[in-house]
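By written order: A, B and C. Residues from 1 in each chain.
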Amino acid sequence: MADNLLVETRDLVVEFGQKRSFLGRQAQPLRVLKGVNVGIGRGEIVGIVGESGSGKTTLGRALLGLQPATGGAMLFEGKPLSQFPGGEIALRRHMQMIFQDPMSSLNPRQTIGTILSKPILLHGIAPDKATALMRIAEVLDRVGLPQVVLGRYPHELSGGQRQRVGIARAVMLRPSFVLADEIVSGQDVSTQARVLQLLKELCAEIGMSMAFISHDLSVIRALCHRVYVLNGGVVVEEGECEKVFANPQHAYTRALIDAIPLPIVSQDWLETTAA
Amino acid sequence: MSKPLLTISNLSAVSRRDNKPILRDVSLTLDNGRIQGLVGESGAGKSTISKAILGILASSVTVTGGSVLLDGHDLINMPEREKRRFVGSQIALIPQDPLTALNPGRKIGDQLTDGLKMWKGLSGKAAAARGLELLDQVAIRDPKRVMESFPHQLSGGMRQRVLIASAFALQPRLLIADEPTTALDVTVQKQVLKLLKTMQAEHGTAVLFVTHDLGVVAQLCDEVTLLFQGKVMEQGVAEQIFSAPRHAYTRALIAASPRYDNPSAGLHPIDDAVIAACRAEIASFDNQGARHG
Amino acid sequence: MADAVHMTNTAASAIPTKRAFGPTLRALLRDPKVIIGGGFILVLIVLAIFAPWIAPHDPLEQDLMLGLYPPAWMQGAEPGYWLGTDDLGRDVLSRFIFGTRIALTVAFASAIIAAVVGTLVGLLAGYFGGWVDAVVSRLIETWMAFPAVLLSILIVAILGSGVHSVIFAIAIIDWTRFARVVRAETQAQRNADYVTAGRVLGFNDFRILAGEILPNVLWTVLGLFTLELGLAVVIEAILSFVGLSVSSDTPTWGGMIAQGRTIIYQAWWVFALPLVGLFATVLAFNQLGEGLRRTLDPVMQR
């Protein structure tokens, strides 16, 4: 494992359901992550792929420190998240998140302008109001949104526009790491392509690392340098996308790849299943 | 050559609220035993067409022209009662979300046998027996237990299998599958698609498969109709459409779809010029209509 | 350069620094519910404040010679006594006008106290969960198990009559109404992605509660508040009906209804008119609340 990893987990274990019921009986804890090692280097876009129940969402939240670990460590720049100099607020300056459902991740009673000015105001990254406004205008322009959306409410925007607002909010602070959790699922192919292209460009421009969680291997192929395949709370395979896709080692990875229908007509895709 | 099972001719529809066209002169034919993919991005009008066939168009949508014929019967103008009987016994629907399609408060067995009792006149016992048979056909391992279960006790994939079972229960001539695998894991999707093809082949049902996923269409369907904003952009045999697409929109859509075997696929949004050309096509169609209408 | 300046100007104009009052006020004044409900309440407020100048007679002045005169539109009415007189010759209209003082004071004071206390408790319980929530939930459940009106009668009987005890009695019972609803809404919002987004941006708990959750909860509270105003007026009327409200010379609607009940066959107007007034007031509060929510809440405007 390289020493210059930006974000890491080491033997991460996450369990749920440890509440004691009223009568003192303990519910059986659910082990969602069973010793996971992932690492994201500077400037890398890493994919985390898994089906439902694989634990990928929990892993994403753990990377950001939103999910406490039952065992193992979560590190940023080599230090445990809890010991980051400057505390939580300083950490948040460097780690951001883009959400799957832009409708629920934008406060419905706040205008886009309010939503986008909050990160700037909180972290005080602009010395005065004029600079703050310039920054917001810049970011809006960069993600391809017209300036008029600032006065609108989330429900007045289209789904694609809301997604861009989510992206704008995440990159406003120019963080070094961004988590994208299933952000293109359910989108039209064209919207998806635009979002993926935008993310790729932003990562290169700002020098951001990204952990891209998805169930869609094809999307990960388009966007990511490396990939972790998660199944049942364990990483079953990892490596550079090119290698993993060309020569998958684990049976699960093979099954996953095999299950993807390509947009070419083949006579036997339905009949055959990967060994 | 036998007559096609489903013939949609020049179907046009508008939204009553603002007179905006939802369907523009859509024509397609589906033969017995064939699987046709109805593809398009959101807002293309795919679900409107399904609803028109099923006779469940929202009251805010008005059909302004064209016809939908199933085996020669006019589905648009059929009187309500007759339509319900006809559609109920001849056409089946596999909906997108298996969770909301099943009543959470009723057992699977009851819901499965509803149609059998209503349209086939089977007694409770006979219907239950047939239900078990069907669940077996869709490869559900413990059919008895599933019959007694409630929807929330089953996984997404199992629920979808139950819906497939209940769709084929009445041996429909036409099956409309409305994005049936969108909510499923990709490995489960493959199983469900395989099952669908097997059942379809056995029963000789014609299938109209509505989806936005080009990969699924390519692998499953014999024919394809591609829609954009209610207008048919390209139509034909699947092999030809995917190997040598004629319309620029088709090409752009295929190029924009990500592929695991090609890292640069999926990063090309549809060119504005292509969209503009499509819009121009649509505009000229709309103007033509205005001139004649 | 000009482009950048233009961008900034648009940005500046769109970021709300202070609530833009102009357009919202205009929208408010156009909504029929706000006009009717709000207008009625405004009239009542004016009556309450300027009662001594508006009321044609002294509400306490008795003139046995003028007893039981009917309202102005009926036969045998005494000029100057528009709504008639009661059995002690006191002007019904003047007593009604002075009655608005008690009604509105009690309504606003108790509703505000109940709303503030209930919202605070509900926010904390809903957001932090755990033992805070457990304690609060048990407290609310036990509290609500007591029959409200009887409890308020008990409290007033213990504390003695007077406006303050009535206000206290009503507030101390009805805070649970706010707490329960606010707790539920806070819980629902706590799991929303925009709260997580706030945490990811670095907001601490207080900022999230005050900046993200509370503004959304306030709209529900507003609706409950206007409902509570109507309820408080009714409870006060009940209390004064049974003679447990303020001292017996001060005219109250409930008192008038109680008194009117005894002479209902001779002078039904003493009973009926304050009852109608009560009904209209509660209706007005409800309409105002609905109208406010409809025009001001962005979510409702979808």
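The criterion applied here is as follows: a residue touches a chain if its C-beta (ideal position, glycine included) is under 8 Å from a C-beta of that chain, and two chains touch if they have at least 3 such contacts.
Quantities reported herein were computed from a predicted structural model and do not represent experimental measurements.
Student: Moving only to chains each one touches, count the minimum steps from subunit B until you reach subunit C.
Tutor: Steps on the shortest route: 2.
Student: Could you name the chain whose Cα mean is nearest to the mean of all protein Cα atoms here?
Tutor: A
Student: Suppose each chain is reduced to the average of its Cα coordinates; what separation in Å results between subunit B and subunit C?
Tutor: From the centre of subunit B to the centre of subunit C is 54 Å.
Student: Roughly how far is subunit A from subunit C, going centre to centre by Cα mean, in whole Å?
Tutor: One centre to the other, that is 47 Å.
Student: Quick one: report the Å distance separating subunit A from subunit B, using the average Cα coordinate of each chain.
Tutor: Taking the mean C-alpha position of each chain, the two centres sit 33 Å apart.
Student: Can you list the residues on subunit A that touch subunit C in the complex?
Tutor: Within the complex, subunit A contacts subunit C at residues 64, 66, 88-89, 91-93, 95-97, 99-101, 104-111, 113-114, 117-119, 122-123, 129-130, 133-134, 136-138, 140-141, 147-148, 150-151, 153, 155, 169, 173.
Student: Enumerate the contact residues on subunit C facing subunit A in the complex.
Tutor: 4, 7-8, 10-16, 192-194, 196-204, 207, 211-212, 215-216, 219, 297-299, 302
Student: Report the residues of subunit B in contact with subunit A in the complex, numbered from low to high.
Tutor: Against subunit A, the touching part of subunit B is residues 41-42, 156, 182, 185-190, 193-194, 197, 212-220, 238-239, 242-243, 252-254, 256-270.
Student: Over in the complex, which subunit A residues touch subunit B? Could you list them?
Tutor: Contacts found on subunit A: 51-52, 186, 188-194, 196-197, 200, 215-219, 221-223, 241-242, 245, 255-266, 269-271, 273.
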